[in-house]
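Right after this note come the structures.
Common to both upcoming complexes is subunit A, partnered first by subunit B, then by subunit C.
Moving on to the complex of A and B:
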């Protein structure tokens, strides 16, 4: 396919008035889009500057220890602030959500684009998108009053009974010198319903629609001639689908990155089900806290300067880590992108 | 078409101007407050009723959290602040050095639990609650609980401790109580709107804590009285300073106010924690209206309206407390609070309200 030649829009046309207006319009459009870019960049810089300014006091007082300790004690006079437990919580819940949501979403998108008959694909698609329209706090309340009790009495109970005595690999020690084994350690402490698993599951439901919707749109772009070609060469349905997924991998990866971004930043729903403690535990049944969660929990009542500054430090950490993960995703994307 | 529009303009524009003019001439004074979410339900009711009898005053209240309210008072961006925690000395200095704290209603805190197999109301004391929250008492059939509840068959269940995950005045009062009854708690944890909890899980707001208690057999947590009563949650009787087991209720909280009213600090900054008396309930806090002692930073009309509104809350407004499940001020307490309000000035001058 050859590129169509593009004439400079400013110089084209025969009527000088048309030419003039087109020139003005073009310049205006170019100016506006550049303005938009500058504004977006400016807002990001501004947020960064405000957070840095707010966190300055905490950075001076706590420094690097902020990233290596996990005690969060905001009592005036005791003031100890470490973000490690919250960073761990964010990482674990996001990971659980991605591990569950990505395969589910891809399956869902394949169903909509390649399996479901026309009359079914539309409604299913619509229902999945409807999930995206539910406000976060509604997920939270549903999570706290419906999902988490069910998790505790059914799913976690079953998982606990299945795993608690399976001790394959020693991975460490609990306080009190008992050896910690994998995978029994994943269910240590017994079912509670307010834990990393519940946080991860609620995030799974929340990022499902965005990943599904984008994956569906990408799969619809799979070229007809490749599809026909594959079948023509004798490929089965499954082989063709695999080809489509491979062909669309960049888009699907992008969808997962967007889902991840949402999972990292999600607040209310996670806060309602994660148990809100500042502990690090390898057990999925242990309570935890995320960086965004501690913000929504404590920011309003952060009533003395160093406490408030430490909150800003958390926000700054969240912003920088979100930027870094997105950057890493971009690098990975370039790796897998077809040349 | 154009003509019709023109006609419309000719009629509508003066009418609109007139409308703006009439609003302008009635000179509604607008005052704004911000802070405590705990007091918000009754505050909105107060505002609605107050504005009916005072159409010339428009009151606006934003429930942004006590800390936010205090910051508003420090920054002089609001006319009055609602707060569940009283201001610290450092905060008062930041706000200019002279503020007035006026308790408006009291809010007891209750210990709620989930033990469907226990049919008798449980009794607890301060030491036990502190030990549970320190992680020293971990099971419901612990001898310490048995001793306080003779004859009650207690199950062999772990205690699932629930606390607030969000910074809140409720936690401030609760941890204040634990500091008073347990030296270990005071040394290891302390009092604040958020603390470093030794054990348990956090739930956001009263609904979050209630959800944690409700879903697990063996759950225990502290809730605001109004929330627990409207939700029909089981609550424990608490042993007070003089050894009586007290049911959280309006009479027992008014009795608690009565017990402290004689020894109130001059600035009324206190919570009613562990008062003595036969009928006094041990954990309740006040929620405060806080204003600058001198309201010179706002216009005279606004200062007058602010004082009028607060005076109305402290007198006529008190009778609405009960229907909203708050506890009104006892008569002796009310007198003290009104005396506090009388200290307010505008540029050094006492205003009538």
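Moving on to the complex of A and C:
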């Protein structure tokens, strides 16, 4: 930081004009900054007001059934709307992303803070954070043209061959009365490349840097005395690391929840790889749709009032779920790092 | 067996082979996790460079999408115009919020409420900003009833007074991006202002300066570099946004400078091209990605290197 040059204001203190202008400046500054805060509150209110106002008709017509039905039929006259299929898509992709990204991120953070030598830790940390700077549409492009074809011909093919005949637990029936078994149902339908799995994988890469960054920050707060104490008692490196992870569990949990919030709100990358069909399937190889993604596909086609209103209802659902997750993460993270 | 020689002298380790084996395995797994993350970065960037570098001629920067050879001059200019409009609206609001939060807000519930609001804004899925701006700027205000209708009508009056038309426009796109910027800039400003030592403020006050004079002459100049960093990171962030632009700027195949018209952008053009089967268009999408990522990465990498000591929270 550069040294500030302080022009002495003492001399102006005696001049009544300067005193007047100083008063004006004081009031103007506080007034303007309060104006900024009021505008920020206004933005938030506006978001809620516009979404609620837009969704009002759908809330009146559909009500709670919106959350328990998965039919999405916007043909004028038919007009059946349920968010469940989209919510399911968001939930499944987010879950896959968390299951993969959390262990991977913890591994990265442990490597950066506890394994890598000083000269390596900085660059690795920087490069992982660089993943967060790549725009989501580029992830989508890469996902659609590189990852999806590879998934279809290699990874999913392999997974399909491995799992399709393993029938441990009957979990339901397919249409046509064939029994659905776990885990064979996960690969039902065969490799497609554009499916829940692809959506989950692309989200994994996208939330990896944020979870890694926060986990790294909280691991660095692990007290030196505890570390030395653990080693002194004869703990191995892993036992000490486990102690550190346990010590930082709230922060790591908060990081995971923040990653989850990101995954829920992510739009473009998922839209480009998830296949965009609105149905619910227990198969990871089935195409789906997320709450955010449905806007890219359908918002500008919503041509009659109830359709548009149902879209706004989806928006409201998305907003509330993202906000609750986000607030939960902030509560957890503020608990470990006050201000 | 690898062991941390600096903290545990090798002589004092009397572990059984079991825990030592597990410890070694865990180390290998953690290293593998970091290797996977880096591998993903290099695969994504490498593939993009490999696919995109072929289309990187001068014509890409000088021609329009419908010309032969194809170019994206209008999209690059559009992205810059959108980011400029977003900064014009978002930076003052964000900075004022940050200033109030760091300097004027009484400790306690008001700070907590403002912070909470900023967190809520930062956590809103960006596509919803597009939806909201679509509803109040792009479509006619008649779509609303009740008090939101009144707000919308007033927004419409202000809008027409400013010479901003309804419909898809650069203004709408810039406004959506501005809303995304506000919480990022507010938090960056607040953190940078809090880093200014109390001694500077006390010295200024001791010389007889008022609170506002101290702010304008001492605190803000000291925190200037950090705040500019935060603003640049926010710009890099919104330059990569796609989703909110679908319903606001919409895109355009011609050269547009007038923000009242539909505005093209790199991100949206990448999406449009990616949806086509034409290999030339797909190649253009890769080249556009390369240009966009280079812009964003160079921008944020430079900023991060320049301000390594000052930590700015970007998440």
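Following the convention adopted for this analysis, the second predicted complex is superposed on the first by the 276 of 339 C-alpha atoms of A that agree within 3 Å, B and C clash if a C-alpha of one lies under 4 Å from a C-alpha of the other, contacts with A are read in each partner's own complex, and residues count from 1 in each chain.
Quick note on the criterion: a residue touches a chain if its C-beta (ideal position, glycine included) is under 8 Å from a C-beta of that chain, and two chains touch if they have at least 3 such contacts.
Computed from a prediction, not measured in an experiment: that's the story for all the values here.
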Original post:
subunit A residues in contact: does subunit B have more, or subunit C?
Top reply: C
**OP:** Considering only the touch criterion stated at the top, classify A:233 as touching first (subunit B), second (subunit C), both, or neither.
**Re:** neither
Original post:
Touch check for A:292: first (subunit B), second (subunit C), both, or neither?
Top reply: second
**OP:** State whether A:300 touches subunit B only (first), subunit C only (second), both chains, or neither.
**Re:** both
Subject >> Partner chain(s) touched by A:272 [first = subunit B, second = subunit C, both, neither] >> reply: both
Original post:
Which partner does A:44 contact after superposing on A: first (subunit B), second (subunit C), both, neither?
Top reply: second
**OP:** Once the structures are superposed on A, label A:145 by its partner contacts, choosing first (subunit B), second (subunit C), both or neither.
**Re:** both
Original post:
Where on subunit A do subunit B and subunit C both make contact?
Top reply: 140-141, 144-145, 268, 272, 296, 299-300
Original post:
Can you name the residues of subunit A that touch subunit B in the complex?
Top reply: 71-78, 80, 140-141, 144-145, 148-149, 152, 192-194, 268, 271-272, 275-278, 287, 289, 296-304
Subject >> Residues of subunit B defined as touching subunit A within the complex >> reply: 64-68, 70, 85, 88, 90-91, 160, 165-169, 189-197, 200-204, 207-208, 211-212, 214-216
**OP:** Flag every residue of subunit C that touches subunit A in the complex, lowest number first.
**Re:** 3-4, 7-8, 12-15, 19-20, 22-23, 26-27, 29-34, 36-38, 40-41, 44-45, 47-48, 92-97, 99-101, 103-105, 114, 116-132, 134-136, 144-148, 151, 179, 182-183, 186, 195-196, 200, 203-204, 207-213, 215-218, 221-223, 225-226, 236, 239-243, 246-247, 267, 270-271, 274, 282, 285-286, 289, 292-293, 296-297, 300-301, 304, 314-315
Original post:
Within the complex, which stretch of subunit A touches subunit C?
Top reply: 1-2, 4-10, 13, 22, 25-26, 28-30, 32-37, 39-41, 43-44, 46-47, 49-51, 53-54, 103-108, 110-112, 114-116, 124, 126-142, 144-146, 205, 208-210, 212-214, 227-228, 231, 234, 236-239, 241, 258, 261, 264-268, 272, 292, 295-296, 299-300, 312, 315, 318-319, 322-323, 325-327, 330
